[in-house]
Amino acid sequence: MTTAVEVGTAVHVARTVFEVQLTNFSGPFDLLLNLISRRELDITEIALAQVTDEFIAHIRRAQATDGEWKLDEASEFLVVAATLLDLKAARLLPAGAVEDEEDVALLEARDLLFARLLQYRAFKDVARVLADRLDEEGARYPRDVALEPEFTRLLPELLWTHSPEEFAALALKVLTPRQEEPTAVGIEHLHAPVVSVRDQAAVLQDLLEPGGALSFGRLTEGAASRLVVVVRFLALLELFRDGAVSFEQAAPLSELLVRWTGRAGRSVPSLPEDGTGHDGTGHDERVTGDSGDGDGAGTDTTEGGADA
Amino acid sequence: MPESAGAAPGPHPAVEELPGGVRAAVEAILMVADRPVTEERFASVLQVPQEEVLGVLQDLRREYDGRGDDDGYTGVGARSTGPTPPRGFELRSIAGGWRIFSRKHFAAVVADFVLDGQTARLSQAALETLTVIAYRQPVSRARVSAVRGVNVDSVVRTLLQRGLVVEVENDPETGAVLYGTTALFLERLGLDGVDDLPRIAPHLPGPESLGEYDETTY
Amino acid sequence: MPESAGAAPGPHPAVEELPGGVRAAVEAILMVADRPVTEERFASVLQVPQEEVLGVLQDLRREYDGRGDDDGYTGVGARSTGPTPPRGFELRSIAGGWRIFSRKHFAAVVADFVLDGQTARLSQAALETLTVIAYRQPVSRARVSAVRGVNVDSVVRTLLQRGLVVEVENDPETGAVLYGTTALFLERLGLDGVDDLPRIAPHLPGPESLGEYDETTY
């Protein structure tokens, strides 16, 4: 981590840049690019760590000064955080040591992410070129004047077939606000089995409480689906936050062991208040098949310190 | 108007120093002006004495009309003299102002051009735009666009040419032109007045919610 | 001047015989056009070969721009040569056709006279969305969102209302609406066609060069 002095300057710089940035903030890639470009696009581990620190500092400061912020802004920040952490996580893979398919997938994901970022930057550059052209062209006004009556009189006689009622019916159709079709494909028709974090936490407790340290592999051995694995992982993080479990790791990248440290009995009922979801629809504690990126961002931040 | 692109209001370089000088500046205005422009207006916009403006306008008119060998040309644009054919446009002094029109000789050609592809029936887009103007008048093009979700400039032009709508006033706040329907429109529908249009209001958001469209989309 | 012709449509004297000839006839049409006029359209209305029309248009453009002493002027209107200041207007080949514009130096004085043509500046978000649509057309909102990393629905709505983009078709597979840019977009950018957009390649590493980026940036 950075020293106190560096943190001080970083915060100072970040404050001005972020404030400027927020005036024409146009999306997570925008902010991400801004953060990275201040490190001159040098996506090295250190730069990213600093960027992440600045980013988190910004979030904290914004919350401290404003109390709260606009939801859309906050969610965009979360996407940035997730993206940054994805990049950062991908960086942790030793480039030469690609061993299994998951590593390859991760590397591909990293390339894709970076490609998207470069693409976005390219479009941003070109948008600036187009803006200049629009400005320059805006100084020329096209001749666009009304036709003289001697010409409009020559237009073919208008065929008018609408009664006032037909005209009104058309007006009603036109003036009724249209129902916007959603951009995203609807997922309401998907009936993914609902897996509850609370239930899985109970399963974990049953496995861990008898004593001894278990690996995540062991803890998910009986999982019926990938969704259950994911939810069990989330439950583990919740339990860790509540101090009910501890993690042990002998060496970097070695297997992580989980040990029960909580009180006996059901310690999980504190879970429902926690918002792992992002839409506030009231079913936060339940995770369905479509959950993913948004939840990842929230939990990754707690893990961030471990790899620096 | 304040947000017009590239046209910074306030002091600008003296027109005399721009290429073509006052003469070209007058031409620039004439080419885009939709209605006759008075000499006073030229003088105040260009910050040039009115007599000079008049001189330039008269020179331009003569120049556009073409000139024979000895017509006492005193134009600013130091052309060498010599017979010149007329241009396809002419500068006319009408209704107390000056405006450029296509030259009369070419009326037949211009008519062919204007009538090319014109039909007797209004397009669906024109009809729908007309309903918005009829029920929301006076209304700006921007707001009609917001309601219809597409640009309506050329369609409004058609309706203007057809005499179904007309510019009624300017929005006191934005300065935007507001449109309304005409007597001809009522005649086509067989109505005595706009109030006789069948009512559709109860089902629809009122004007105040349309205001929001404007705010959020422009 | 000879007697003015009435605006009767139908057969009219060959334009060559009218004062000013084809050159003036082209100018007369330009005066009433409310969008760029193609060479084909001029040729068919004037009943003159397209090449001749093109030659006249290019001559007019050069003439309006003013000319130095020795620029190889070959205009129809046998002017004696000599330096000429530019006119206050210019003829531009744009969006596939030709149209008259006020010359850009005079933007400040002209802006006041354009009643309703003012267009508010595009927001940064609108500009970037427009750029992606321009270069990826036909393209769905979902794909534009993927490039920009944010939902673009409301921005696309604004662009539709401004007439800069339009729904062009539906994706045959997904049924999603695909968007493309309009002639107005080309006109606003001063482009003849989409192919004339500034090349994005220098800004955009293709898939093949991503490998290099990998090496240098990680």
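A few notes on this one:
To keep things simple, chains are lettered A, B and C as they appear, and every chain counts its residues starting from 1.
Criterion: contacts are C-beta pairs under 8 Å (C-beta built on N, C-alpha and C of every residue); 3 or more make two chains touch, one makes a residue touch a chain.
These figures come from a predicted structure and were not determined experimentally.
The chain with its CA mean position farthest from that of chain A is B.
Nearest to the global CA centroid, when each chain is reduced to the mean of its CA atoms, is chain C. Chain geometry summary: the mean Cα position of chain A and that of chain C are 40 Å apart.
Between chain A and chain B the centroid-to-centroid distance comes to 49 Å (mean Cα coordinates, whole Å). With centres taken as mean Cα positions, chain C sits 19 Å from chain B.
Within chain B, contacts with two or more other chains are made by residues 4-7, 31-34, 101, 107, 110-111, 114-115, 149. Counting partner chains per residue, chain A has residues 134, 136, 138-139, 141-145, 147, 150-151, 154 touching two or more of them.
Note for the complex: chain B touches chain C at residues 1, 3-9, 12, 15, 18-21, 23-34, 37, 45-46, 65-66, 77, 79-80, 82, 84-89, 100-116, 141-142, 145-146, 149-151, 153-154, 157, 176-177, 216-218.
By the touch rule above, chain C contacts chain A in their complex via residues 7, 9, 30-34, 89-90, 92, 99-105, 107, 110-111, 114, 117, 119, 122-125, 127-128, 130-132, 134-135, 141-142, 145-153, 187-190, 198, 200, 203-205, 207, 210, 213-214, 217-218.
Note for the complex: chain A touches chain C at residues 24, 26-30, 41-44, 76, 79, 91, 95, 111, 114-116, 118-127, 129-131, 133-134, 136-145, 147, 150-151, 154, 180, 183-184.
Per the touch definition, chain A reaches chain B in the complex via residues 134-136, 138-139, 141-148, 150-152, 154-160, 162-165, 167-168, 170-172, 174-178. Residues 4-7, 31-34, 101, 107, 110-111, 114-115, 118-122, 127-128, 131-132, 134-136, 147-149, 160-163, 188-191, 196-200, 203-205 of chain B are the ones touching chain A in the complex.
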